[in-house]
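Here chain A shows up in two complexes: once beside chain B, once beside chain C.
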Partner chain A sequence: MQTGFQNLNPAVSFVYLLLAVILSMVLLDPLLLMLGLVFVFGWCLLEKCALDGSLLWITGTGLFVLLLNPLLNHRGRTVLFYFFENPVTLESFLYGFTAAVSIMTVFLIFMVYNRIITPDKFMFLFSKRLPRTSLLIMMCLRFIPALQQQYRELSGVQRVKHPVGRKRRRRETLQEAFRLLTLLFSGAICGAIETAQSMRARGYGVYARRTGWREQRLTAADLLASVYILCTFLGTIGLWYGFDLKQDFFQTGWQPLGQPAIYIAAGFFYAFPILTEGVERLKWSFSNWNS
Partner chain B sequence: MELFKLEQLTFQYPVNDMPSLKDIDLTIHEGEFVLLCGSSGCGKTTLLKQMKREITPAGSLRGTITYRGIPLPEIAKEASAREIGFVFQNPDNQIVMGDVYSELAFGMENLRFSSAEMKRKIAELCSFFGMEGFLDKEILQLSGGQKQVLNLASVLLLQPRVLLLDEPTSQLDPVAAKEFLLFLKRLNEEFGMTVLLSEHRFDDVYPLCSRVLFLQNGSVRIDAEPKQVARQLSAEKTDFIPAQAFLSQRLREHVDSEAEICLTVRENQRLLERNLDRLPPWEPSVQNAEKTREPLLAVKRLFLKYTLEGAYVLKDLSLTLEQGKCTCLLGANGSGKSTLLKAIAGILKPQAGKIKWMRGQRSVTYLPQNPLLFFSFEHAEEELRSVGAEEEKIERLVSRLELTHCMQKHPHDLSGGEQQRLMIACGLLREASLLLMDEPAKGLDQRMKARLGSLLQEYQQNGGTVLLVTHDVDFAASYADNCCLLFNGSTVSEKGTADFFAGNYFYTTNINRMVRRRYPAMLTRKEVDSLWQKN
Partner chain C sequence: MAKKLILPVLVIGVLVLAYTLFLEKYYLPVSFLIILLSFLPFLLRFERQERGAEEILLLAILASVAAVGRVPFAALPSVQPTTFVIMMTGIVFGGESGFIVGATAALVSNLFLGQGPYTPWQMFAWGLLGLLSGVLFRSPSSRRMPLLCLAGFVYGFLFGWIMDTWFVLAGFGGAESYLAAYAASTLFNLNHSICNVVFLLLFYQPFYRVLERVKVKYGLLSENRFYS
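Showing the complex of A and B:
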């Protein structure tokens, strides 16, 4: 899908994702963060990412944080019950909830990052400044899924070759896994030698600096988007620090923030990808309608 | 103009006792299209790699090699990278980047082309190769044929003067392989690019090339025009001649003493036409069709896909394997052949459908396309002994597959053909009721293919059943009982071998193409010879 957010200049998308991560870690207010989580999750749905096993994994992490905090943190006034003679308080639950939402939002943003910042966009961003390092990072990134696939194939073939019964001792399972890993890595090293030869054969290392084929100018839409992003981000963060809106969970419990404008600013910031997509769809249907 | 000049070149790998190249004197001129052929391990790859400085293997080298009058080690780095292009055998390992466009640009980025120049060159070359369809794809989504075209294209973008290719079509299906060779021919004719190509399946290369080097034990035994090489080799009655030359040689011997050795299908058809009334009648030997045999395995309405959202790779596929028979799966790259083998082996789980085995007969050996996935020990010998077969059997197989010199080596140190043979030996020793082989004939020369064929026949006589996937039409025609074409995830044709091949354009042997007007069911060299044996 090449619409809306994906069409923006990689630099703009990268900055937006970075700012979104910062906001999600700074704004420790459950309502604000829930707002962020809902919009980021909507964005995930739009980009069709994080919908497989990773969603379960993210929720699991969130739950873990939510439950762990009250068990270790006993501050707060409203005692709900005693767990092994330790008080479990409403406030610590609230704090755990906030932290959990923050972590889940950040994870989801990383999932979208993977979808949006494709390897070639990554190279566009960094290959001019750090040509060798970015190539190295890019090759490593490619190596991981390739290795996963190779492992799947290898273990399949070896399982047919050395069939094992259902009941196995833990030690045998470990030995088997170790044997497979050894095979996998020796195979990968041999493959890497050929890749290295292919790189050298095509002139890698002739010059210290390489050039890049990508060039993408900043369009008017990119500028507009940057202004929007900066305004909403600065608005949110300005309100947060300017009015010192920190929640003091353990003293006062949760209260709505003193400046309701911050909810609007943050809402507009997080809604940005969905809005761009919506604008694009509206434009599309209007242009088709008229013609 | 002289491009390469090799003088008294001798090269020895550190692990070997014998030199891989011996006293080679050779001059390659600009604009030539040279085919390197010979049995596996004769030094084809080693010779090619000597001509590309960046990938020359470590070892002791004597003699000199010059490129356009300059000793190879002294050429400027940029000139060496730009002017001498190399396409490797394995299409996967030589790809560096994650998507097609970046891969194409990789070489040009290294040599500091400007962005506009790169885009123009890529645009131009993409139309030449018809690559527009997959330009925006990621590497993981490409088929083997597309990958190899991509490799060729990314080398060509640097505008080399000479192109060195090491068995580039060994993993391509018959259609893609022919197309690839035609690209080489066009590059040679239209741009005057010098091409050096090593190839085991050389039938289709002979009519295209301008010179053939026949290598034997590390030295050049014959170096001449293709026709002359074919003439000389057919006089010696070796297997190393293309099917076209084989047919005209037989016609010359038995029917028409004035017949020339021809290298194209069309010329041979004319030759046959001229002698039509002198050709004996021929009927395919009738196979005693015992249809009553119980199938060893029946695949019923199989559906399989790799990801939830992805398309089905196998769709409504049904297949039966008769016990004691050899069935061959053919089809384009990416049609689902390997996936079917993995499903039968039990590696992949189908989403729907059944694989039903004959009662009590469920034992299977699976030999993957990449032999390195199969090996699990440090020495070839351990690998063979681990099966637990009788000593005598191992000895016999080792000598028949010519593996004696490999026994103490690590499987990774063997050549591609040797790895393949070692895996085959292990597979045969396991004596499972079903033997699944993915591209067993890959990297094997004519002689070894014949060995493999007879070993498979013995395996069947002992009650084993064989299912193999191959792109090698000649091998399938010679040794399969049944053939099966896979297209788009299901079987479109499942027949006895003779019925299967007769009438196809691409999925048939060169022999059949030449003789089909007179003998529609004739497929193999053996059958050609049987014409005159009866009389």
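Showing the complex of A and C:
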């Protein structure tokens, strides 16, 4: 069952994800990025992304960036302590923290991307403009499971061919694996040619244009969502550039940004998926309450 | 008329945007813009060239073989036959096909393994290796085993360094961090290099024979199209 953000037009959700990645790379301010990270993390939880394994390595990457930065970067005024005669500065910690939060946010956004932009939505987005490329990708998506299946079948046949009970030498096993891979490869190539000839026989390439169809209308909700997304994004980016809010940590250290409005604008931008989901849940609970 | 202008205007717009971002020292977004732009010529040529169904299918199956090789080895860092398959494509079918197969393999395997901000970089790195193989081993007389192995060895490091670059751009800054990252990844890159050389030594002959046979028999993806 798709709800909230997943129900939006793929184009709208794709653009939102793209803009979120851009904002997370451009707004280099620790407090702003933390705000983004919290909201994106909440979104991940709402969408039930498979976070258990990934959370570990995402945090690991963040820690790695945070801890390694002070060791590599020695610029900055406030020296905290010396590490093997190299100064470790507060500013480089700040920079490392900002970069770490930025990277973690981008990774989390991609986790949600994997959940929301399913391969069929991906095809819907690109098959009209780039028909041949999307055909190529589509066929690869089919071939990969097919090849894995073929590999299992081939190795099964090879196993059956050998008498049970005799322990094979390592050299034989290796030779077998070698032959198996070559077989799989040449079989795949021949299969591809055959498929192509069958496609041609059914008229592929006779008509210049290929069309595809997926039930997808631009609804009022989509329009509303795009207006909201654009307004908050442009507001944030406009404030950031308009007031030149980027700070060089190594020169000046960190201060809270001069325009508190940017925190509000960015907050509304990042909160968008949670808001849509929340509205749906509210509707659901009210509909139960009425009846 | 207006339709023809869309693309150049778009490209120039992206370049101007990248330049302003570069002046403001937002290096990470700039790098993504430039990487995506670098796909454009290959993408356009692929879309516009006359290609039969056989050629698209062949590219698709090569990309799938490359991608499939990556999935079972995902737990072992840097060990995969993907680079080898992309290299073979570049050698037999030319650099352009090599780029397409490399980029597609990266994109498609990540549809299974999970996309990340590294996807465009992987697409670029593997595409570049395919392109490079096509250019370096254009003439059949240059396809000798020692040279091939040398190329495979260098590719491991090239790929690793390209992937390091994005990570340093994202998380660090400054020249020393690049050197440190390149040095720190040596072990992984060595793994990748050795794996490439082993695959070349074992599988170059049989794979080359299969691909060359298909190419000659069906007249696919070759520069001189007498018989297509």
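Some points to look at:
Heads up, the rule we're going with is that the second predicted complex is superposed on the first by the 216 of 291 C-alpha atoms of A that agree within 3 Å, B and C clash if a C-alpha of one lies under 4 Å from a C-alpha of the other, contacts with A are read in each partner's own complex, and residues count from 1 in each chain.
By our rule, a contact is a pair of C-beta atoms (placed from the backbone, for glycine too) under 8 Å apart; a residue touches a chain by one contact, two chains touch by 3 or more.
All of these numbers come straight from a predicted model, not from anything done at the bench.
In the superposition on chain A, contact of A:Gly203 is made with chain B only, not with chain C. In the superposition on chain A, contact of A:Leu154 is made with chain B only, not with chain C.
Of the two partner chains placed by superposition, only chain B is touched by A:Glu215; chain C is not. By the touch criterion defined above, A:Met123 reaches chain B but does not reach chain C. In the superposed model, A:His162 makes contact with chain B only, not with chain C.
Residue contacts after overlaying the shared chain place A:Tyr113 against chain C, while chain B stays out of touching range. For chain A, the partner that touches more of its residues is C, with chain B and chain C as the two candidates. Look at A:Asn288: by the touch rule set out above, it reaches neither chain B nor chain C.
Of the two partner chains, chain C is the only one touched by A:Ala99; chain B is not. Shared interface residues of chain A (contacting chain B in one complex, chain C in the other): 119, 139, 141, 186, 191, 195, 197, 199-200, 204-205. The touching residues of chain B, when paired with chain A in their complex, are 52, 54-55, 77-78, 81-82, 85-86, 88, 90, 92-99, 101-102, 105-115, 118-119, 122, 140, 154-155, 158, 308, 342, 345-348, 364-366, 368, 370, 372-376, 412. Residues 24, 26, 28-29, 32, 43, 46-47, 51-54, 56-61, 63-65, 67-68, 71, 100, 104-105, 107-109, 111-112, 114-117, 170-174, 176-177, 180, 202-203, 206-207, 210-211, 214, 218 of chain C touch chain A in their complex. Interface residues of chain A facing chain B in the complex, by the touch rule stated above, are 52, 118-120, 123, 138-139, 141-142, 145, 149, 153-154, 156-162, 179, 183, 186-187, 190-191, 194-195, 197-207, 209-215.
Within the complex formed with chain C, the residues of chain A that make contact are 21-22, 25-26, 28, 54, 61, 64-65, 68-69, 72-73, 95-96, 99-100, 102-103, 106-107, 110-111, 113-114, 119, 122, 130-133, 135-137, 139-141, 143-144, 147-148, 151, 178, 181-182, 185-186, 188-189, 191-193, 195-197, 199-200, 204-205, 246.
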